[in-house]
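Labels run A, B, C and D following the written order; every chain starts at residue 1.
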Amino acid sequence: MHTRREMLTRSAAVMGLLAAAGLLPQDAQAAWSAAAFDAKSVADAVKALGGAAPVESKDVTITGPDIAENGAVVPIGCATALAGVKRLLVLVEKNPSALAAVFEVSDAVDANINTRVKMGQSSNVIAVAMMGDGKVLFAQKEIKVTLGGCGG
Amino acid sequence: MKTFVVGMAAVLGATGLAQAQGKSAAEGIAEYRKMLEDGNPADLFEAKGEALWKTRRGPKNATLEQCDLGKGPGVVKGAFVELPRYFADTKKVQDLETRLVTCMEALQGFDGAEIAKTPFGRGEQVALTALATWIAAESRGLRFNLPQGHAAEKKSYEIGKRVFFYRGGPYDFSCASCHGEEGKRIRLQDLPMLTKNPGDGVGFAAWPAYRVSNGEMWSMQLRLNDCFRQQRMPYPIFGSEATIALGSFMGVNAKGAESIAPAIKR
Amino acid sequence: MNLPIRTAIAIAAVVAIVAGCATSPSSQDLDREAQAAMKASFRDQGIAKVDRLNQDLGQAACSSDKPPSDAVAERIMAEARASVEWPAGGQYFGDWREGEKLAQSGRGMTWTDPSAATSANGGNCYNCHQISKAEISYGTIGPSLYNYGKLRGVSDLAAPSSQAVVEYTWMKIYNGKTVNACSNMPRFGHVGLLDPQQMSHLMSLLLDPKSPVNSQ
Amino acid sequence: MADPMRIRAQMAGDKATVRVLMSHEMETGQRKDAAGKTIPAWFIQEVSAALNGKTVMTAQWGPSVAKNPFLQFNVKGAKAGDKIAISWLDNKGDKRTDEAVVA
């Protein structure tokens, strides 16, 4: 990752993340990237993780329902068949903090992960793949969150 | 960064349009529910309930393994689809939760009245919900078949029917206001018709269920409690006759329905 | 507490007599036992007190899987019609935007609501009705109200030709039992769930030609 | 102490599909309680997965991962009988590790 030098100049939290991004020793205390999770926008969150400007790519997929019956639990899948993925990110554009999760994938797992996120309102959800060669690719999908139940 | 934002706006417009012309809301919701089926967090409560059943607890430091849920001491499989039913030892029709309280009192030495007074989601009510979840799961796939042989069971059904249709409160609602007709919904949620056999696992046969909206496991007592809240009624007392009679009414009506509890619900 | 119970039982008995001879004595025993079970099974919580279980004529008569007799139904509707209060100064209309907000809100009158004041209540309309086209999350317990005014030929709220529809709609919101004795709809005006101004906003939502209900 | 996770690991071809449910509030820190007081944030921040003791994936989570989190991924080169261990650590320092055998 040629963004390493840039990242070293950032906060201690981000520096800690570098350790996590590398080959993590079994019981290392991986640091949590506060800057990335505090970022309000998708772009800022990616930047806080040391990523370049994301480019939309057909090689990255994001799956999820068109409509979520409840924003408290929205199933999301992110994947790419490209080789050399270092990280997969899941973001919700209109959440107060866009970044939901960062997965550091090794060669021993598929770059294909399913999880569930909260959505405060209808929004784009975005999967970002940060590649070993420094490329940052993304895919997005709009998910409508409906009002459910009696509303009381 | 600018290119990213501009590009996204363009794509958003296009996908928004495509989706508006695509699937209907109902299809979208069905797709959402399907995605959640695999990985129902009710599993977590089920595991906890099983452990609690087998753990020595309470003043008597005993397990619940000798609890009689209606099919004899310790028989769990199949018990859920025959509750509420009449119990000779308490001389009462009891639902799953009130029967569990009886067992916790008799076998473990807990104070049953204290548990009944405890708010949902606190103290021993947490244990009760987990136990109910596991016991329900042990009958998954079995069909509802509540006994109606005892006079008290027949009476419970008849009273439950009247409770179901009882209108009151500032909104004039009864259970039947929402659950008395086929094919209705509130907002986007389908409302099971509970006055006749509701079919497989739509209404009565789906609870306890994991509620996605608040991330909590809801037992039938809590389900009924919130129904009465939404009816704008006063607060139903835990394990009260009206709540158990409603269980009898819905359970008898659900005869033959396959239990899918613990389910996952909005 | 005793008086309302007795009243309710008396009403139930009247209903049974009027309804004919289909009910056996044991069924009446069960009715009494069910009443007693209801009273014993609930407690006060917050603003939701047990007196909410006390039934008026319409609530008691519509608490069965069978409808009340025609005579009882007529009496319920007549009493409801007599109860309607018309808006002061003929002020039937407000702001459809406020009406949409009220229609969206499902709040009010539960034991988790801190206040029973009209200002704390929503209309709960979308729970049961389709209204504007934009809101896809709507219930189907009540009929669709999409294009409500347009379908009834309302193009000018002040026109004399609109008068009948305007009055009917007010009456229906104020007390739906005026039209259908066992209507599922809450009696927003009669019970004091919404004040006249809030009801006027709902009137605009349904009838104003500029409201998205009619313009889209 | 946190309740145990539910981990299912099943072979599908030459990969093991791992499904995990974790018991956790995942409180966002943006909600208020009945008294109007903000409920402090409480959520899982770090997750790691290991196959027979070797880490195969790590993750960082924010509070917008749903309550009682679900996670599904595929482990390459696993075989029946292998051990999958999942660990999490939350922002209060609570942690939990559970293990499942690949079926």
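The rule is short, and it goes like this: a contact is a pair of C-beta atoms (placed from the backbone, for glycine too) under 8 Å apart; a residue touches a chain by one contact, two chains touch by 3 or more.
Quick caveat, the model's predicted, so the values are computed rather than measured.
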The chain whose mean C-alpha position lies nearest the overall protein Cα centroid is chain B
Per the C-alpha centroid definition, the whole-Å distance linking subunit A and subunit C comes out as 48
Taking each chain's centre as the mean of its CA atoms, subunit B sits from subunit C at a distance in Å of 29
Among subunit B residues, those touching two or more other chains are 25, 186-188, 215, 229-230
Expected list for subunit A, residues touching two or more other chains, is 72-73, 75, 116, 146-152
Multi-partner residues in subunit D (2 or more other chains touched) are 26, 66-67, 70, 72
All chain pairs satisfying the touch rule are A-B, A-C, A-D, B-C, B-D
Given the complex, residues on subunit A that touch subunit C span 146-152
Per the touch rule, the subunit D residues reaching subunit B in their complex are 3-6, 19, 21-23, 25-26, 66-68, 70, 72
Listed in rising order, subunit A residues that touch subunit D in their complex are 17, 20, 24, 26, 30, 32-33, 36-37, 72-75, 92, 95-97, 99-110, 112-119
Listed in rising order, the residues of subunit C that touch subunit A in the complex are 104-108, 110, 112-113, 122, 124, 126-127, 136-137
In the complex, the residues of subunit C that touch subunit B are 30-31, 33-34, 37-38, 40-45, 48-50, 52-55, 58-60, 62-65, 108-112, 116, 126-128, 136-141, 184, 186-187, 191, 193
